[in-house]
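Note that chain A is present in both complexes that follow, paired respectively with chain B and with chain C.
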Partner chain A sequence: MVAPRVKGLNCPRCGAAIELRSGELAQTVACPSCAAILDAKDPNLRVLQEFTGKMRYQPRIPLGTRGTLKGDQYEVIGFQVRGIRVDDVDYHWSEYLLWNPYKGFRYLTEYDGHWNDVVVVKNTPEEKEGGRQPTVGYLGETFKHFQTATAKTQFVLGEFPWEIRLGDTAETRDFVSPPHMLSEERTADERTWSLGTYVTPQYIWQAFKLPGTPPAPRGVYADQPDANAAGAGSLGKIFRLFAAIIVALFVVRQITARRDLVLRQVYSVASHNPDSTAFVTPVFTLAGRTSNVRLTLETDLENNWAYFSLALINEQTGTAYDMGREVSYYHGYDDGAWSEGSRTDRATIPTVPSGHYYLRVQPELGSDAERPMNFLLTVQRDMPGVAFFVLALGVLAVPPLFATFRHHAFEQMRWRESDYAPLSSDDE
Partner chain B sequence: MMRHHLLYSLFGVLLIATLAMAEWRGWSLTRPTEVKNVPRSVRDNPGSYRPAYLYTGSGRYLRGK
Partner chain C sequence: MLQANCPNCGGQISFRWSSAVQTTCPFCRSILVRHDVDLRRVGVVSDLPPSTSAVQLGTEGRYKGTPFVVVGRIIYEYDRGTWNEWHIRLGDDSAWLSDALAEYAVSRRLDTPTNVPAAAKLRVGQQFTFGGAPFTLARVTTASYRGVEGELPFEYWDKSKVTFADLDSKDGRFATLDYSDPEPLLFVGEYQEFDQLQFSNLREIEGW
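Presenting the complex of A and B:
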């Protein structure tokens, strides 16, 4: 950048040196020493307003600092602090006026460590009708209304191309479409729109070569983009792909499972003494690869229970798979028909190698009814399951659900500061 | 973010491979007690076998000797 012509003057109130960098464009200048607002058009810098405020602010980017934004060099020539009051709470932010003799003016705003690079837009955004939350369109982008407030100027340093005063107010309306924010400022005389783009503090620090590290942003700013938003969406796409594969696997498994029926026998038990009821089934062959075995017990129990000690025993190796199963079924009529339990039970023995097996069965019949029990014992090989498919889908859904939850929480934090704050338990 | 996607994709592939293996080998979420070296005499004398679980009649399952 060609060095701008700097006009050196002195503050008529405190005598401090004042530099005018924007030349003829400067309308007012605030003394960097006493913060009095002076008439930049007046050769003697007539005092327009003395600073009587209680709070003085120090700009994070000193006046006169030059930096490169979007490939162009700008110089910080003005600084102001403005504030709004919402629900009896004061919020303040800083605005830096930047100047390039060829590119014109540009602004930086900072609130709680969040920075925006702001330019005044030439075309008026298109206001859209309808809905509880108004929107505006600009360059094909739709912005949602965020907040309407009255902004008040509270502190000024440096020069400005308009007649600035402490206590100046403007009606502001902010519309957001992260990382952008459209802001309308309306005074009695004019109405201007500006477009802000959220930038990281590190970007500002590098652009102006500021020493140290920038203050960390606090909370979520109105137009702050959620770095994880795209992640949640693409994790969801990957999940849908995996879910489709799992469903396809489930269908293939249902079709290709052998479901070999290796034993189907009806037995009867009348004794209630389990010591006398043990028996073994004929030997059957479990063929093929190592797979599961499903035992199904179908009884004719009536208001009684039965307990089955079952052992699937490999005739050759002597390895047994032991389990106990209880079947009970009760029913009756008590202010309407009722029933509980089931006459049928089934159990799956996993990873059973092929070989010759028999079942040792020891039924114990409950004494709630005297009637003997008949039961059908079925043994099947290589039965498809559902549990692992459901479990896999559930486990796979965790990361995208977590990302979606995190994005939702981010948006909640964003809108909590707006005119459309979600109701909290405190509000209800 | 790309790293997260890569990790998630890898996790998904491994999970589906495990699922396929589980179905192929007939895994289950529960497993009965495995007993080794059951004597051949059980076949002729089923009452001599001591099952791993006995029912006491009170709803409690006791491990057999």
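Presenting the complex of A and C:
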């Protein structure tokens, strides 16, 4: 026996042609022209309910369109718009009923450009005892409660294999685990769970070969996966890899640094006349590969300052590394002890080839001091530093930190629409 | 294959399942009850509603590796249209393949525990344990008996309103309590996806 494909009838209210695509399955059919709800089991399509609402909606996928989802053909046979009211604001979404006579029903939902591919699930999800935010488990996946609401049918087109009326209500509870959403619908005598999977609008447009481009989704939907989350994860991995390399280099550097103490001399300066204070140190050897040289000045300044013109000079080549260092230290007592500056100064010349060197030092005292300034001059070769490694880690951490921040912002947008919205300034 | 003649029209009746208690004559639509090899006519099948199922008598498939063949059916109607309880010969056993709007499930009859409530005391959410496994009452459906076809494991014809209690589990199993007799019948089984059942000889549906 071959079933008739389509039954052609007319709307008893407005006369428009009505096709019954699901054959004998249809219980109710809504006229595509006047949106009246008709009894599909009645040969004359008795009017069950007239449409008196103000808003009419146009399905984005026309009734009768066939598309391929998960390898099977489905035909759009019904369309309804349902809405919820949260804090005096109405939200509504579209639901498409899809049918394949062998595979059964499937649904698509669309809200603000966001699409979900939905199937009714036969395994009852497991409710878990939760604190503030309940969860349910389904096939090993944990879903967080998103929203509880009362959904009301506002507009219907096409056919449904059950009784449907404008104004029908169902208690809904949504739980999310992106890209999945578990939804419970409860009426007086039935409780149904369905599983939605977030899909891109392009996926829907391709599946149903729809013309043009789909409207861009707005905001973040309850079960929308964060497309950058995977990127953030791999950035985190890369960061951890490079951080490990940097730490390893740091350790190697700490172990292998020469830390040669090449000069340690105490000097004294009595006059602030710069011409008479210049002197040179004995020649010292900087060994090993090209590396840094650290100069440390430890003074006994008392409420005074000193300026050191320093030149590290290569005895053979005459190459000079010049620098000026200012050291100042003031302290006293008004309403408590205070001090400013430091008696000690430290400078590093980063890359100095090996060779025989001496320092030319010209200290200048800030003011006529009663007593001479004594200072200890220390020269060290190949000292391991920390700053470079800290800086490298810091620079390296920028992309993963940025990605984490962006992911956090995405999740905030998701939960802003839920029953768990963080209080914001525009809330009362 | 067991063969007999219809006591009403003389047409030849072939049994797909040798233990069938009841069958229908494909020629005169008599409902026939079997006593050993004798067939007694107990009624006649009224017009069956147009089939919405992809399954038909003779459809074959597999359930968990065991081949089955569809030998009979009971048709019910409820507020979402008709649904079929296809009687299948699963290996050598009698089992049921239900098809409600292309949602498929395979079940077998179990002994009904004594603590099952009366139809009037069923409430959505009640918990039961059948065969050691927990079940939750998901819905109570009152259906109208619409007809029978083919071979059944018991006498079943002359019914009107029947109450069914559908119970779900967390692992894809389901149970049904059938209150068509004073003593409810318990069926326990599993939901199955279309592709799992590996059907052949399905009904052809135009345009699909």
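Keep this in mind: the second predicted complex is superposed on the first by the 404 of 428 C-alpha atoms of A that agree within 3 Å, B and C clash if a C-alpha of one lies under 4 Å from a C-alpha of the other, contacts with A are read in each partner's own complex, and residues count from 1 in each chain.
Just so we're on the same page, a residue touches a chain if its C-beta (ideal position, glycine included) is under 8 Å from a C-beta of that chain, and two chains touch if they have at least 3 such contacts.
Predicted model, so just to flag it, every value in this text is computed and none were measured.
Colleague: So if we stack both complexes on chain A, do chain B and chain C clash, or do they fit?
Modeller: Overlaying the two complexes on chain A (C-alpha atoms) leaves chain C and chain B fitting together cleanly.
Colleague: Does chain A have more residues touched by chain B or by chain C?
Modeller: Between chain B and chain C, B touches the greater number of residues in chain A.
Colleague: Given the touch rule stated above, what does A:Pro350 touch, chain B (first), chain C (second), both, or neither?
Modeller: After superposition on chain A, A:Pro350 lies in contact with chain B alone.
Colleague: So, does A:Ala311 touch the first partner chain B, the second partner chain C, both, or neither?
Modeller: Only chain B; A:Ala311 stays clear of chain C.
Colleague: After superposition on the shared chain, which partner residues are touched by A:Gln147: those of chain B (first), chain C (second), both, or neither?
Modeller: neither
Colleague: So, A:Asn116: does it touch chain B (first), chain C (second), both, or neither?
Modeller: Neither partner.
Colleague: Look at A:Ala320 in the shared chain and tell me whether it touches chain B only, chain C only, both, or neither; answer first, second, both or neither.
Modeller: In the superposition, A:Ala320 contacts chain B only.
Colleague: Could you look at A:Ser183 and tell me whether it touches chain B, chain C, both or neither (first, second, both, neither)?
Modeller: neither
Colleague: Measuring by CA atoms in the overlay, how small does the chain B-chain C distance get, in Å?
Modeller: 35
Colleague: Which parts of chain A are touched by chain B and by chain C alike?
Modeller: Comparing the two interfaces on chain A, one with chain B and one with chain C, no residues are shared.
Colleague: Can you tell me which positions in chain A touch chain B when the two form their complex?
Modeller: 227-228, 230-231, 234-235, 238-239, 242, 245-246, 249, 253, 274-276, 278-280, 289-293, 307, 309, 311-313, 315, 318-324, 326, 347-352, 358, 360-362, 364, 382-385, 387-389, 391-392, 395-396, 399
Colleague: Mind pulling up the chain B residues that touch chain A in the complex?
Modeller: Residue positions touching the partner: 1, 4-5, 8-9, 11-12, 15-16, 18-20, 22-40, 42-43, 46-47, 49, 51-55, 57, 61.
Colleague: Can you list the chain C residues touching chain A in their complex?
Modeller: So the residues of chain C in touch with chain A come to 49-52, 54, 56, 79-82, 101-103, 124-125, 136, 138-140, 168-172, 174, 191, 194, 202-208.
Colleague: Quick one: in the complex, what on chain A touches chain C?
Modeller: Against chain C, the touching part of chain A is residues 1-6, 23-25, 27, 73, 100-105, 120, 122-126, 161-163, 189-191.
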